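Multiple structures are listed underneath, in structure tokens.
There are two complexes below, and they share subunit A, which is joined by subunit B in the first and by subunit C in the second.
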Partner chain A sequence: MHRLALLRPHPVLMAILTGLVFGALLLLLSGQNPLRAYAEMVRGALAPRNWNNTLVWAVPMIGMTLVAALPLRGGMVNLGGDGQLVIGGFVAAMAAIYLPLPGPLLAAVAILSAMLAAGLYAALAALGQTVLGIPMLISSLLLSYPAIGLTSWAAGFPLRDTATGLAQTLPVPEAARLPMLFGPVSTGVVLMALVAAVVVWADRRSVPGYELRMRGLNARFARYGGVPTARQTVTVMFLSGALAGLTGAIIVLGTHYRFINGALVSPGYTWSGLMAALLAGGEPLMAIAAGFFFAALQTGGFAMQREIQVPRVLSMVLQAIIILFVSLRNGRGAARKEDRS
Partner chain B sequence: MQWELETTGLTKRYGRLVANDAVDLRVAAGEVHAVMGENGAGKSTLMSMLYGLTRPDEGAILLRGQQVRLASSLDAIARGLGMVHQAFKLFEDLTVWENVVYGAEPRRFGFLDRRSACTRVQELAQRHHLAVDVRARVRDLSVGIRQRVEILKALYRDARILILDEPTAVLTPQERDGLFAIIRALRADGRTILFVTHKLHEVMELTDSVTVLRQGRVSARMRTAETDADAIIRAMTGRSVNLSVARSPATPGAEILRVEALRVPAPVRGAKPLVDDISLSLRAGEIVGIAGVAGNGQSELIEAITGLRAAEGRIHLNGQEISGRSVAARRAAGMAYVPEDRALTGTAAGARATEALLMGRQHDPAFARHGVQDGAAIAAHARDLIQAHDIRITSERTRVGTLSGGNLQKVVLARELDFDAPLLIAEQPTRGVDVGAIEAIHARLVAERDRGHGVLLVSAELSEILGLSDRILVIYEGRLIAELPGAEATEQHLGLLMAGRTQEVAR
Partner chain C sequence: MTLLNAFTVNATVQSMSPILLAALAGSLCGRVGIFNIALEGQILVGAFASIAGSFYTGSALLGVLSGILVTALFSLILALGTTRFRGDSIVISVGMNLLASGLTAYLLRVLFDTAGTFSSPEIAEVKRIVIRAINTTPWIGWIFSRQTPITWAAWILTILVTLVMFRMPLGLRMRGVGQNPEAARTLGVNVERLQLWTVVAAGALTGLAGAQLSLGTVGIFAEDMSAGRGWIAVVAVMLARNHPAWAAFVCLVFAMADTASVQLQAQGLPNQLTDAVPYVITLAALVMGSLRNRKRRQAALA
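After this line comes the complex of A and B, so read on.
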């Protein structure tokens, strides 16, 4: 049995391979050369001159992966990432534009208030579950829409930058912008790396991390052991939302320099992040790796589309197939276990 | 000699695990033949092969000297085998007779002949003294009666050989006596019965011969009349086990736990409360046993005391009022708890031994400072417990989902005893645990008592209640209906009480 397990390829690797094979078939069917398309993707994502692009994509991707992974680690699902992301971006922009604070302090306050606002908003979804009994799957998703709608309206009407004609706010002052490291990469990458390291460390070494992991493995066991699961739900959702707020703030203060209607939501960071977190079963380090992989897939897709005109939706297709196969395997495994008892 | 049923070298492997290893079973016609063994010895595996549910890897099955291949249970039924499973497989919403004839309905002009079906089942039940109302819906029947329906099903298909896999596990003593009477009648009728159990006294009381399995192998094959309990236990465990617990009379001290008018309302409106106005008191240095047939509110009572379930009423632990407080607060007030389901409540399959053994003490300064875990201390603690309780595990980092039932129970016990709490709640502490391990667990519970702790024991196993309790409370339909001193209780007496028959006891 042991030897067999060693010979059997890793399930995630298998899923990736399967995804690549399916993708190749699709490409063949549409008259493309799959090898060439894949080569372009790899080059687009990993060639040294494209690293910057991949990093710019990876920062929000990893942020939103952690947003999903944190609750998932405890067996909870936060589907409201989009709402929390826009609240974070919006509040960061507002604070940076309207608060009379000097330079670096302004950026810090903008980021912190973004995290606080988005965290509180996410905690609301948790309270919906613990107090009113609305499943968080639903409450978190439902709360997303008013957040997107309200910020969109604010950016389109009362707070619009009338000079541009687009639904976007005024630019944030220079002083509040995240300093650039190289090319289009801002210090946001450092911030995100720090936060990711803290999450990984807390997951492995801290008492709350232990309690969350145990809950994810068996919620009844955690309750039996005295883990205050209701309070934990609210705290975890607050932190998850705060991470979304941070992600929004990094994009606004490091890339867009203003709040642009739709710009935070349309790349689909939330959903790709959720998929990456699912792929890793909520384990933060694996989730980060998966998030990075999906970011590379995306930037590779852009390059492929640019160079050889293969539509970049292929990356989304690959991503979906990989997830499908990983979850298929998990689902089947779980069902088999139930059969045995 | 021609055996009614014989297996030669029957072997079944699950991966590297050999569940049945060259099993030679020899069953004579018309006897009650016990198949005994500890949990995991391979009894159910053997029975599934005999009933065509599992294919053997090697070996042969012979019926009256003829080798047979059983591709499915239909094959087995066609050859006169019948089986009553550990978990019943009945349609709740159908009547008894419908369940019995299902799949083998008598037909008239292609239609189900309801009247003849019903009378045939009725006659069959009468002939075999199976008291069942054949028109009743299965949903409304007790476990004991459902079992009779399963037996009827097999008889309806004219089973000559009836396999009963741990049939007594779910029964009250009275129901068990009823089952034994039925089995004896079937034997008198010339049928052969394979009776699977891990309970010794049942083997001695009922059976003609016995095959003992140990770790998938036949470790003994004996005539029941020519053997004794000790020989069978030695064959089961490889050593002698002292089943009766030696203990001195209790010296109860101060009150540890007081429960007043505890109520757990029913989940649906209008139904009877699950726990109905229960009051009880437990002192230091005594074991109070709660006896009852499973499903009479004992699980809910314990969940209410431990804080896992909301309840009305008052609970005092160690002089502190704990009603309405969190699980953590109750534990901190001095409560350790061995839950009835070690896999669903007491551990998490995916947790490492270090993690499973830490639960409940994650905030203890010995294992964490300012929210940061002390990995070395946690691992050392786990190793200590593994050694002290002889937990068979590869390392402290192994996931506990890989452990056998008995070892998993040791993990839970080790952790909870280590709390050193004045109150220990032990719920079904030896369910599904080997005979050898039962002895050790019982000794630990008595040791807890002798150290001046109060032990609240919940068990569906009468021998356990009788062997350990200083006082016995009987729970029936959510109420405590009797209290008696442990020394005075008998199995018969308790059995009647557990069935709710207080008047008969009074007479």
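After this line comes the complex of A and C, so read on.
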């Protein structure tokens, strides 16, 4: 029995395999060679000369994965990642452009104010639940729309860079930009790696991390055990939003060098990140791995489209199928255990 | 009163029917204890399948039917996933939304060799019913004339679903399953089968919603054209606590806010701001509703 259990393939691996098989069928139906498409994807994501691309995609992806994973660990869902992301990006751009501070200090202040603003915005959704009883799923999602609308309006009208003709703000000054450190590794990569390490540590070793996990396993027990769940909700959402703010700031200060209308939302980091976090059930280290995997799928998708004209949205389809199969297998596994007891 | 004229009233009724149909679907699922937040993706699948069906057959009716059928099949993921496989409805729904968005965009490129939007003279749109006798009559004509059969169906279905849910044995069983599946099982109800068919039927409704969105208005398909309507339906369902008639009322408020935002845009306000108006109003309604509830609870305690 024991040996058989070991031989049984891991559910996530099985789901990935199923996703790939389904994707191959789709490719065959559309008259493409699946092996060639997948080979292009792997090369596009993992060949050394493409590491830079993959990392540029992976940093916001992992950021938004953590944004989703943190509340998920405690059984909460933050659907407002997009709103928090644009607020972070916008505030970072504003601070960097309009604050009269020298060099590295300017970048630091821009990042911190982005985190603060996005964190407070996310905390608003949490207060909606704890004070007003509006489910956070809804309050966080609804708060996204005005945030996107306001920033997009600001970038399109009062704060528009009239020299370019696009809906975007002025470029951030040279001094506030996050530099490349070595090879494909940027400051953003290092920042995100540090933050990810802190999140993993806090989840495993700190008291608040323990309390959050306890709540995820059994909210009633956590409350009985003395966890102040209302305060915890607000704190966790503040941190989750702050991570989204950091992600937005890294994109704006490290890649785009200005706030461009729609550029933070349209790649779909938030939803892909939520998928990755769900895939791992909120466990940060696994979520980061899943986020990285999805980022590789995305950059691979770009290469596939460039090289053999297979639409890159295929990587989105693969992600969705993988998450669906993982959730079904998890469910069935749980059901089996239930039946046995 | 430039806000209320023949055009805006007519447009409000027309634009709310996809949301209304989706909200009906959501309240059906909610009643049997399955929290469906895949409405956004379901509408999108319905819109795509309707356009594709209409394009290939040249018939609007067959287009609508294929929208209904394909979306019902698509809903099997949620139906089987939450019953047979006992998966989490939120995870499955989020996966379905992503799948719908990705798959429709992929098929758009592969089948129709286009990105963004697909339009073609070969797409047969759903014709609107013009009632000559009242066509120009204020209010009555604005509301009832020049609407698609799908809009009519949406309102009839609202009444029907409400009746079934609260006046029929089937509805009693559904509510029982949602409230206490164990008790329902003890009384001989096949809980899983009822959940499964309810979710599939709800899927058919969202397919109709998608058909109205694509074939009933402009006759084109655009990527992610559901544009948050499914989420608004989710909000309506939650606000109405799975009551179809109340959900319809919430949809109406939302549709009026939506029309108002279009009007504000015509007054020169930038669309980035007006697009957010319906969501802000919904949020304000939620806040006000909960404040009122709290006051009532405090009054009851005192």
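Odds and ends about this structure:
Criterion: the second predicted complex is superposed on the first by the 326 of 341 C-alpha atoms of A that agree within 3 Å, B and C clash if a C-alpha of one lies under 4 Å from a C-alpha of the other, contacts with A are read in each partner's own complex, and residues count from 1 in each chain.
As a convention for this text, a residue touches a chain if its C-beta (ideal position, glycine included) is under 8 Å from a C-beta of that chain, and two chains touch if they have at least 3 such contacts.
What you see is a predicted model; the values in this text were computed from it and never measured.
By the touch criterion defined above, A:L35 lies against neither subunit B nor subunit C after alignment on the C-alpha atoms of chain A. When subunit A is checked against subunit B and against subunit C, the one touching more of its residues turns out to be C. Judged by the touch definition given at the top, the superposed model places A:G226 against subunit B, while subunit C stays out of reach.
Look at A:M180: by the touch rule set out above, it reaches neither subunit B nor subunit C. Of the two partner chains, subunit C is the only one that A:L278 touches; subunit B does not reach it. In the superposed pair of complexes, A:S206 makes contact with subunit B only, with no contact to subunit C. Legend: residue contacts after superposition of the two complexes on their common chain; A:P311 is shown touching subunit C, with no touch to subunit B. The part of subunit A that touches subunit B in the complex is made up of residues 1-2, 205-208, 210-211, 213-214, 217-218, 220-228. For subunit A in complex with subunit C, the touching residues are 26, 29-30, 77, 128, 132-135, 137-139, 141-143, 145-146, 148-150, 152-153, 156-157, 271-272, 274-275, 278, 311, 313-317, 319-321, 323-324, 327-332, 334-335.
Of all residues in subunit B, only 15-16, 306, 308, 326-328, 331, 337, 339, 344-351, 355, 358-360, 362-363, 368, 371-373, 375 touch subunit A in the complex they form. Taken together, the subunit C residues at the contact with subunit A in this complex read 37, 77, 81, 85-88, 90-92, 94-99, 101-103, 105-106, 109-110, 115, 228, 231, 234-235, 238, 270, 272-273, 275-276, 279-280, 282-283, 286-287, 290-291, 293-294.
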